[in-house]
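Here chain A shows up in two complexes: once beside chain B, once beside chain C.
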Partner chain A sequence: MRFPKLGRVTLYILLIFFIFAFLLPLWTCITTSFKTLKGVIDTTPVEPPLGPLFRLPYPTMEPLITAFNIMKRSLLNSFTFTVAAMILSCLLGSINGYILTKITFKGSNTVFLFFTIGIFIPYQAVLVPLVLTMSKLGLYNHLGGLILTHTAYGIPITTLLFRNFYGLIPNSLIMAAKTDGAGTWTIYRRIVLPLSLPPFVVAAVFQFTSIWNDFLFGVVLTRGQNQPASVVLANLKGTTTVMWNLLMGGTLWYALPVLVIYLVLGKYLMRGYMAGAVKG
Partner chain B sequence: MRFPSRKVFMKDWMVTSLFLLLSLVLVGYFVYVCIGWNVIVSLSDWKGLTPSYNIAGFDQYLSLFHDQVFLTSLKNNLILILLFVPGSLFLGLFLAILLDLKVRGEGAFRSIYLLPFALSFVITATLWAWMYNLDVGVINTLLEKIGLGFLRPMWVADPNIAMYCVVLALIWQFSGYTMLIFLGGIRSIPESQIRAAEVDGASGFDLYRYVVIPQLKAPALSAFIVLMVFALKAFDFIYILTGGGPGWSTYVLALMMFKETFRKNQFAYGGAIATILFLLALVIVVPYLYLSFRREKE
Partner chain C sequence: MTRRKTITSLKNFPLFFSPAIILIVFFVAYPVLQTVYISFFSPTEEFVGLGNYFDVLSRKEILNVEGFPKWPPLGALIHNLLWILIHLPLSMFSGLVLAVILRDVKGASIVKSAIFLGMVTPLIVGGIILRFTFERGVGIVNAFFNVLGVEQLARTWTAYPETALFALIFGSVWLWTGFSMIIYSAGLATIPKEYYEAAKIDGATPFRTFFRITFPLLKPMTITVVTMTILWELKIFDIVFVATRGGPGWASTVLAYQMWLYAFRDLNFNNAAAVATFLTFLTLFVTIGMIRYMVRR
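Showing the complex of A and B:
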């Protein structure tokens, strides 16, 4: 009872009010993606299409099916480069984190600073050189280009996440292995890596959601068939101004993987947000 | 004791440093070389699709400050800094304190408040376009239902309030994040301190005002930095919700850079905006990194 003066009832009314405020856009997205165009006009957005029993129109799968057909290729694109870049950036981040905490060398702080600045830069400052580089490499409008881009710009944050975690592994463990004759790579493979499941989950969900959510790199590095789902959805919004049910259906498809991750592994995502915010 | 053979040891060290080297090369090139390259572009006269690196000096920068669109963008970034940053901090702090009051089902509330932050800006911008839609959108339909239909604000279609609509939606998306950071900060205050204050007679509002909030400086600072950097580089959300319109009313620096460069092929001009954006981010981030590195050393 830390706050005796504020009634418990008022507290819960406030909390529930904020639930409505935070969920209203998502809720109306779901209801609308099950409505016909006529249903969108005839009902208020908050009403789900439950059928005539509730004096409401019947639900329809039409918008979701049409939206899926428009977006399926791009969803597959997004999935491909997101998973690849997630794995690569996590592996590199893990090795960096290990080196920066367990093999302290002259200038290791400088190396860490070198990486950390990469977390904060506005990507606008690299866009033009990035596009030129990718065209030179033959990776413009190629999923490989997005994998390389997201891996490179993912390294700073994954390095930070792993460094935070590896700081907690006792140095005596490393020293013991060293005296047993293990070299740096062997120590990483045999001792550090097997302890790394928690940071790998944190870094992986963090990287999956941020790469999946990206729009900027996708829009400047790809066109047509190779566009990620974010860009295709944004284009859909730009071209259809009245088909709100279709647009909300597309939004739902694009949001789905992140929603599933959030439901299942939200705890780890929160840890990522908190660790990332300690310094960046 | 078994001593390692020198050869194995060297091989091990080589493998490890090769991976570090790979990261250094990737970050070195894609962050530092690209930023430098962009600065060079900004000092050139490159217009149109063929690259040109004739030195034009600071011409681009000088013309920026006579460009009404640039000044509007700068003003809108300032609106984000002055309204979005404190708005998200205060709402997040408020939610964190509410949830700290021994709430049943705290985890569920926390997850729901944080959900918008996990979503892509493409999603949240599309959702808010739907919220703000004039004819069938969520807010206007609800206003009509409760008899306030005559108001029918134009929301993002009204240049006078469009930027504030953007701010409102962004606070909606970010305050769950600040809540999480503050809640973590509150929870790391030793229970004994709270008890001691309670014994001394502090309770309710006073307990938070004099005991809890003063100890939240570190989480407040890190959330502040994250929000400030976002207030500078905000792009996707605004680009998709309003495209900068109506007119230039919701232009921000990152959006102007994108349009100048990728829609009008004004590469040098766009490069200059990007450089300014980068320098502004440095002004915020460098002192912060300096502080946290010094604290770590102590």
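Showing the complex of A and C:
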């Protein structure tokens, strides 16, 4: 679509406005976490933590430091189970995708449907029995429980992603290897896996963000020391009044890994969303 | 879905599926069936048929339409419905408009990245930021009203029953617009340029071109966006949990949050299971609609 010249100028002003409007929440989050409580009340959230006429009474590192000390254990928990579940769900998704695209067998569509149905199940539908199952397995309030749960709920989307990608690998390649006497596992390890870097990046980025961002499984399956960062953050409020600077400091720490991934690998993340949605 | 692939039958392939199948059976399929099962029983394990469902639907926090129409609290079910009625068109159309505008604009990827940030933001963070945004004295919405000089509008929007739900619904548009934007962007890229050239030669106005060519060709994307957005709105939980805890009173509660309260605060697993099953039924209903459309195509 061609826009007339004046229209183009208006358009760019509009777009810059959009960028500001959508980045504003993140900006207020950053400014607030560097302010003293008095600073939070005296200034608007848009202003940087500089007092009237830059006499600088408001900037402080304290909220960020306090928040980090409260959250460090939970951040480590989140990191542990997120990375573990990310790796496991990607590997299983890759194997599933390989078998589903390269081997013809009866009921393969049924198996695929079975793998992907989890995308549409609301987590609420499993919570109570899941807690009971985990208690029986001794995995309630254990990071292992979160790893298994997140792996299971990651399988649908990773299977979908890898299946779409492996559909593009020529079957003749597999046939040739089979003629040479390679078995199912050897073909996967020697031929399919080395070609899989692109889908692994997309799946890993997608899985990391969604597992890291999860709150519900964390709040239901863990307590105290073993809680993920999302749960600790949700409970990070003052006793009587909300300490907004502390809360925003915690928010920044919690959002940091995801923000970094988004800055570096955002392109792949968007691809994950599109693959999951368009081809579903 | 209809791609036919043929090849090799390799030996012992079911073995490769087994870890995934075991995980899904234990942590997805079995719990879902168990939830459906206990939704038909009383806490003393008597079969009560649809008793829990009637019980739940008669509760004020689920369905409260006495004296309708009126302000919230209207019950979680209606709140979810309001979420769909308001949030779906807003986020869908703003995403569509952005995708169309950004199609051939220089620097579009920067704008897209800024807007898609909402999709990456953890929902817990989204909820905290919404609460902060609407808070009197510290939040940006009220700073804005103060600057405009309408101080009577500067108040904690999430603290009043009339406005709490709507504050969350309108605020959450910011989180989800990126989704419809990138799906429509991907769709627009598949429309051949010749269509537009032909339309131009025929002297079609941009509006006519949009409604006669672009929008109809984007139908598959529209179906996807509508389905995924409704699913998201039905599952809304984190935002409500952290921003208002469903309050004040029941004014901003939703089905997913209510289920959580029944199960983990009241320890009423049967009522919780009824809400959860009902929610699952709603999502399956929406999903099957989409799958049927996809298969028909």
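The working rule: the second predicted complex is superposed on the first by the 259 of 280 C-alpha atoms of A that agree within 3 Å, B and C clash if a C-alpha of one lies under 4 Å from a C-alpha of the other, contacts with A are read in each partner's own complex, and residues count from 1 in each chain.
Here is the rule we use: a contact is a pair of C-beta atoms (placed from the backbone, for glycine too) under 8 Å apart; a residue touches a chain by one contact, two chains touch by 3 or more.
Being a predicted model, the structure only gives us computed values, none of them experimental.
K.L.:
Chain B versus chain C on the shared chain A, clash or fit?
P.N.:
They clash: once the shared chain is superposed, the two partners overlap in space.
K.L.:
Just to be sure I read the superposition right, which of the two partners does A:215 touch: chain B = first, chain C = second, or both, or neither?
P.N.:
both
K.L.:
Which of the two partners, first being chain B and second being chain C, lies in contact with A:193: first, second, both, or neither?
P.N.:
In the superposition, A:193 touches no partner, neither chain B nor chain C.
K.L.:
Could you tell me if A:125 is touching chain B, chain C, both of them or neither one (first, second, both, neither)?
P.N.:
both
K.L.:
Looking at the overlay, what does A:87 touch: chain B (first), chain C (second), both, or neither?
P.N.:
neither
K.L.:
One more residue to check, A:171. First (chain B), second (chain C), both or neither?
P.N.:
In the superposition, A:171 contacts chain C only.
K.L.:
Touch check for A:180: first (chain B), second (chain C), both, or neither?
P.N.:
First partner only, chain B.
K.L.:
Does chain B (first) or chain C (second) touch A:102, or do both, or does neither?
P.N.:
Touch partner of A:102: chain C, not chain B.
K.L.:
Which residues form the common part of the chain A surface touched by chain B and by chain C?
P.N.:
The overlap between the chain B and chain C interfaces on chain A comprises residues 1, 11-12, 15, 18-19, 22-26, 28-29, 32, 40-41, 44-46, 92, 95-96, 99, 103, 111, 114-115, 117-118, 120-130, 133, 149, 151-153, 155, 159, 183-185, 188, 209, 212-213, 215-216, 220, 230, 233-234, 244, 247-248, 251, 254-255, 258, 262, 266, 269-270, 273-274, 277-278, 280.
K.L.:
Flag every residue of chain A that touches chain B in the complex, lowest number first.
P.N.:
So the residues of chain A touching chain B come out as 1-6, 11-12, 14-15, 18-19, 21-26, 28-29, 32, 40-41, 44-46, 92-93, 95-96, 99, 103, 109, 111, 113-118, 120-130, 132-133, 149, 151-153, 155-156, 159, 179-186, 188, 209, 212-216, 220, 230, 233-234, 237, 244, 247-248, 251, 254-255, 258, 262, 266, 269-270, 273-274, 277-280.
K.L.:
Note which residues of chain C are touching chain A in the complex, please.
P.N.:
Per the stated touch rule, the residues are 3, 5-13, 16-17, 19-21, 23-24, 26-32, 34-35, 38, 98, 100-105, 107, 110-111, 113-125, 127-129, 132-133, 135, 137-140, 143, 174, 179, 182-183, 186, 196, 206, 220-221, 224-225, 228, 231, 234-235, 237-238, 241-242, 255-256, 259-260, 263-264, 269, 272-273, 275-277, 279-280, 283-284, 287, 290, 294.
K.L.:
How about chain A: which of its residues touch chain C in the complex?
P.N.:
That would be residues 1, 11-12, 15, 18-19, 22-26, 28-29, 32, 40-41, 44-46, 92, 95-96, 98-99, 101-105, 111, 114-115, 117-118, 120-130, 133, 148-149, 151-153, 155, 159, 167, 171, 174-175, 178, 183-185, 187-188, 209, 212-213, 215-216, 220, 230, 233-234, 242, 244, 247-248, 251, 254-255, 258-259, 262, 266, 269-270, 273-274, 277-278, 280 of chain A.
K.L.:
Could you list, by residue number, the parts of chain B that touch chain A in their complex?
P.N.:
1-4, 8-13, 15-17, 19-20, 22-24, 26-31, 33-35, 37-38, 41, 51, 95, 98-103, 109, 111-131, 133, 136-138, 141-142, 145, 172, 176-177, 180-181, 184, 194, 198, 203-205, 207, 219, 222-223, 225-226, 229, 232-233, 235-236, 239-240, 253-254, 257-258, 261-262, 267, 270-271, 273-275, 277-278, 281, 285, 289, 292-293
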